[in-house]
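Below is one structure; the comments refer to it alone.
Lettered A, B, C and D in written order, each chain numbered from 1.
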Amino acid sequence: MNIKILFLPILLPFLAGILCILGRKQRIFTEGISLIAAAVNLFIAFVLFGKNLNFNLPWLGFGIDVSFRLYHFSAFIILAAAGFGFLVTLYSLFFMRAKEHLGQFYAYLLISLAFINGAVLADNLVVLLFFWEGLLMSLFGMIAIGNKNAFKTATKAFVINGVTDLCMMIGIVLTAHLAGTLTISKINLPLGLGASLAFILLMIGAISKAGSMPFHSWIPDAATDAPLPFMALIPAALEKLLGIYFLARISLDMFQLTHESWLSVLLMTVGVITILLAVMMALVQKDYKRLLSYHAISQVGYMILGIGTAIPVGIIGGLFHMINHAMYKSCLFLTGGSVEKQAGTTNLEKLGGLGIKMPVTLICFVITAASISGVWPFNGFFSKELVYDAALERGLLFYLCAIAGSFFTAASFLKLGHAAFFGKASSENKQVKEAPLGMLVPMIVIAAGCIIFGVFNSLPLKHLIEPILGAKLNGHHFAGMPGNIKLIIISVIVLVAAIVNHIFGVLMKGSGLKALDYIRYAPILSGIYNKAEKRFFDPYEIGLKVVNLVSALSWKIDRGVDWVYEKFSVKTVYALSMQIRNLQNGNYSLYLGLSIVSAALVFLLFFAGL
Amino acid sequence: MSHLLILVPFCCVIILNLPIRKVMRSLAPVAAIVLSLLQVLMVLCFDCHFWQTKFGIIGTFFKFNLVADKLAILMLLCIGIVSFVTAVIGRALIKERKERFDFASLILISLSALNGIVLVRDIFSLYVFLEIAAVISFILIAFKTNILAYEGAFKYIIFSAVASIFLLCGTALLLITSGSTDFSQINASLTAQAFSPSIVLAVGLFLVGLFIKAGVVPFHWWLPDAYSEAPSPVSVYLAGIVTKAVGVYALIRVAVSVFGMHKSICAVFLLLGAITIVAGAIAAITQSDFKRMLSYSSISQVGYIILALGSGTSLGVAAACFHLFNHAIFKSLLFVNAAAVEQQTGTRDMDRVCGLSQRMPVTGLTSVLGSLSCAGIPPLAGFWSKLLIVIALLSTGHFVYAAVAVLASIITLGYFLVMQRKVFFGKISEEFINIKEAGLGIVVPEIILAAITVGVGIFFPVILNRFILPLGG
Amino acid sequence: MSASAVYLFWIFGIFIIMLFIIGLYCILVTFNLIRALIGVEILIKAVTLLIIVAGYLSGHTALTQSLVITMIVIEAVVMTIAVGIVLGIHKQNKSLDVRKIRSLKG
Amino acid sequence: MHLNYIVLVALVLAALWTVMTRSLIRAAIGLAATSAILTIIMFRLNSPLAAVFELSVCAGLISVLFVSTISLTQPLTKEEVLAHMKERLGRFWFLPFLVVAIGLILSFIQFKFNLKLPAPEVEKDVRAVLWNLRQLDLLGQIIILITGVFGVVILFRERLRK
């Protein structure tokens, strides 16, 4: 096969995206182009899957080559991205129908696909960085075309990701310095002091792309401000795929991360904190999309936890959880989109009783919610069990935190489902109908995928995930029911506890929405929640405050400096100038005398310099 | 065949003074323009056959010791360009036919004198040609025969005479210590022996003489008076090339080919260069007379050249020569602008004129280019030469001097902005509401010079390796 | 060169320096333009003497004589021009006073 | 050699007189005298041709130039000269002492010069040197003479027009 085919998944969506922006304003045209491009991209991804290709073209010198590497892992990510890209495009045809900025939306969508393909294929850190930053651009554009607040949110996303990308850039420089090469597949560094620093910097880039704490705060804002298909595609699927892909690459290939390393503990800690804090925030949300977006953050914690354990079972679990999460979370967002499209709002207080009106949406929601909560036999159950297994092996505390996260996840989805689909229908929701077929198809496909990946979990595990680790597995297989019965029993107990808790909450407060309010208003937690809702813990906001303080301070300094520049220095120069001019008084005898004296000084200098 | 560069302009003057004066009078300005253009063209194809040819009769009859190396070629180019510009604007600004004839003849003579300065390889012949150029300068400054011009000319005469005496003392002492006046022989003898006090005395006297001629700061007193009171075309000529060839080029030549870059010479260059830069720039900032401000700016830029020379490396010499070339171009341009302003408004007082750029767009635009180039703003030519100077200084470890160079370039930008704001920007005053753009004879040189400045800046990467770096030798 | 020649040169050197001081003093202190030019002339005399002495001591008498001849011609021309300018100043100022040509300042 | 010293002292005295005399005409004549004394030294230092030149040009031509300038500029009347004399003396009286003092100080210093002997084949004939080796200087002389002519034409233009 011609090696140039590697350029296709990058160039094709990119050019299609450019065409969408440049093309005529007619809707059919842009929609047609983007659907075809997404479909062709999916086809190419199928063709590429299972192949091993390497491409290298010297470019800028200094080891900066255009080099691509297609192997099992990258082909898998490209395939997944292409699949989600196609489905979300299909969904958007109906969802975005009446929205503005249609051309831009599809353009950014396709360009994002192109950049993700590029970033995944890249085998050179600089090329990777190029696509990585390109993704930032399309991310910014895509959020910015949302509602009125979107531009502010887009700026926030841009700043947060920009800062972390800067860290990554430094990390790349450091890595290249330590390894002596920029080619990813040739780097294999032991974790010394410098390498640890490089690892942390690269890790910051990766987990920030995946949306982990503390670089998460733009995601909930984007959920309310940006167009919904964006949420289903970018933060829920593509960025997780890319971020976790890169995290796996740096932990598995580029650095020799072992479970003895303190970096492993660091990663796991980040994962656990992300799980707990994000799910706690998710619990109390009163907006469909916002709640989902917190879960999108929370679930990243499982993946980071899984990869951070640095033992095969954890890594397999993390990666499996990555693809599972992409599936159920994008499907959940899509159901959110249907609800928004049909009911006109995503505010849970105004929703209710939609289950009868939208049965297909309800079924898809139930399947995916069960999946995310880890109910057998859906896919989330299997990946979570793998992660639990690994977490328990590394430390009881990690396991307990993970299982607690699971409990809260289940509780919040019970609340969400109860509030949105059951209970009394509010007066505005009387005429709500089922979503159009084009929106249902993607949801059904993904929901079906969730079941297939769960029931026949050996299919993805054997063919997609396990080959990534290859020889490191030592012939172990993780398909089928998890081996550790105790863990399963604990998981079931947790789920049952969540249901009991929900019933208890409903009985106490009287409605599904308020089932978890007792947590929200618990003595200590309420204060924390209040502050969190005022974005007290948002690093971006803290950063803004610090920046404001610094700028106020520098304003003062600036005035002082300005005084030095404008008044002091100018006055000094003018005074000096007048002195020199006074010396030039028209008397040539004085001039000559001064010249002779200075000539004598020059002679002295000469003799001194001798 | 560099004899012709000296002989042809001189013979041309003699022919122009033949008895058929009616015809010759109208021919003289054209002859000056044509000859200077010819020189530019000859220099531009400097690797052609012409330079190697030994013309039979002339070659045997005149046994001149002339060498045209890279540095000399660059100077010849500057001389050609600036003479061309001066001849053109002289033709435009001087109305009376007889004066025009005299002016053109003097330009022709000075062409031969300046070419002589550039090409000679003997310190006494150097002195001879320096004196010719100086005498022409006296006459040109006093060309308009008003009292202020006389005053400037008289001060220049006194300083030039003293400088010549220093030069001659240096020559005599060098003759004693090395037995010759030839560049290469002196150089050989100086490198053969250690620097004894007598040699230091000789070298010092020679250098001080050249410092006075170049207008380096503690010896600069004559320069603003002479430049600012001379007629406009003469200011262009003096600031652009005459004092540069007479003083600065001679300094570079003597420092490079005769004395060698001795440590103590470099130290003196560095110190005086820094003082010159700062003092010139500071004195320029409060001037209200357009040409006087430009004169001080000229002093300041000469400081850069000396400073670059003081770094003592071949890169420094190359940077100095490049800045010399750039300075010839942009300072001529600025003086032509000043000439245009003076011609059209009748005053040089920057506080009186205002907002001229509306009425004189070409002059305004080209003066902006010239100022920015002088202040060292990329991508104009002046930026690159200053950059090279700073690099040359940094590479020899003279961090303080490099800092001085950079900081002074801020002051340079300052006084040029003040000039631009006063003269060209803003609202035009009632007094000058009816002025027009200067005539073609001024506008065309402005455009040519601005184009050279911009072109050299933009094509700098090409020029750097081909022309500039070989200058260091 | 022998020690006596060095000694001889220094004797001449002392007188040359004295001439220099006289000339420079004249230029610096006088209030008359023509006297200033006369001061310059004295400096030129001193330099002429220096060159001749240099030629005599180093044996290059032929060379130094040709140099001195050239120099004298040049200085004569310079002096002519200078006198022309002094006359111009006198014509406009009606005075030869140095203190009246101090209008170029700053 | 003692004659040389006497002539040198005379040279300095003539120069001092040139500078210190109160009348401009006397100063010009003093300059001519200085030139003439210099000529003697040049004769004694094996430079006869240059000496002739010095005598004709400097003592002759330049003195004539100065004298004619002084007569053109209507020098001060005798009363004015007498009025200025005292003030002039105030500025000039210590010049002779300065000169003598410096001469004495310098005579105590021994300044070492490393002189270079000429190569044996060095040209001894002035004419040969001037016409064969210093052609460029001759050309320079011609050029500066032409320049001088132009200068005189330009500077005296208005004077002639009147």
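Heads up, the rule we're going with is that contacts are C-beta pairs under 8 Å (C-beta built on N, C-alpha and C of every residue); 3 or more make two chains touch, one makes a residue touch a chain.
Please read these numbers as outputs of a predicted model, since none were measured by experiment.
> Look at the interfaces B-C and C-D and say which one is made up of more C-beta pairs in contact.
C-D
> Which chain has its Cα centroid closest to the overall Cα centroid?
Checking distances from each chain centre to the full centroid gives B.
> Counting in whole Å, what is the centre-to-centre distance of subunit B and subunit C, each centre being its mean C-alpha position?
The separation of the two C-alpha centroids amounts to 27 Å.
> Report, in whole Å, the distance between the mean C-alpha point of subunit C and the mean C-alpha point of subunit D.
From the centre of subunit C to the centre of subunit D is 6 Å.
> So what's the Cα centroid distance for subunit B and subunit D, whole Å?
Using C-alpha averages as centres, the distance is 32 Å.
> Need the CA-centroid distance for the pair subunit A / subunit D, whole Å please.
Computed value for the inter-centroid distance: 93 Å.
> So which stretches of subunit C touch two or more other chains?
Answer for subunit C, listing residues that touch two or more other chains: 9, 27, 29, 55, 57-58, 60, 63-64, 67, 70, 74, 77, 81, 84-86, 88, 101, 103-104, 106.
> Subunit B: which residues touch two or more other chains?
Residues 124, 128, 131-132, 135, 138-139, 142, 145, 154-155, 158, 162, 176, 179, 197, 224 of subunit B each touch two or more of the other chains.
> Could you tell me which residues belong to subunit D and also touch two or more other chains?
Where subunit D meets two or more other chains at a single residue, that happens at 111-113, 115-118, 134, 137, 140-141, 144, 147-148, 151, 155.
> For this structure, enumerate the chain pairs that meet the touch criterion.
Going through each pair of chains, those in contact are A-B, A-C, B-C, B-D, C-D.
> Could you list, by residue number, the parts of subunit A that touch subunit B in their complex?
Spelled out, the residues of subunit A in touch with subunit B are 573-574, 576-578, 580-581, 584, 588, 591-592, 594-595, 597-599, 601-603, 605-610.
> Which residues of subunit B touch subunit A once you look at their complex with the stated criterion?
154-155, 158-159, 162, 166, 195, 197, 200-201, 203-204, 207-208, 211-212, 218-219, 221-222, 224, 263-265, 267-268, 271-272, 279, 282-286, 411, 414
> Within their complex, state which residues of subunit C touch subunit A.
24, 27-29, 98-99, 101-106
> Quick one: which bits of subunit B touch subunit D in the complex? Just the residue numbers, please.
Against subunit D, subunit B makes touches at 6-7, 10, 13-14, 62-66, 102, 105-106, 109, 112-113, 116, 120, 122, 124-125, 128-129, 131-132, 135-136, 138-139, 142-143, 145, 176-179, 189, 193, 196-199.
> Which of the residues in subunit A come into contact with subunit C in the complex?
For subunit A paired with subunit C, touching residues are 581-582, 584-589, 592-593, 596.
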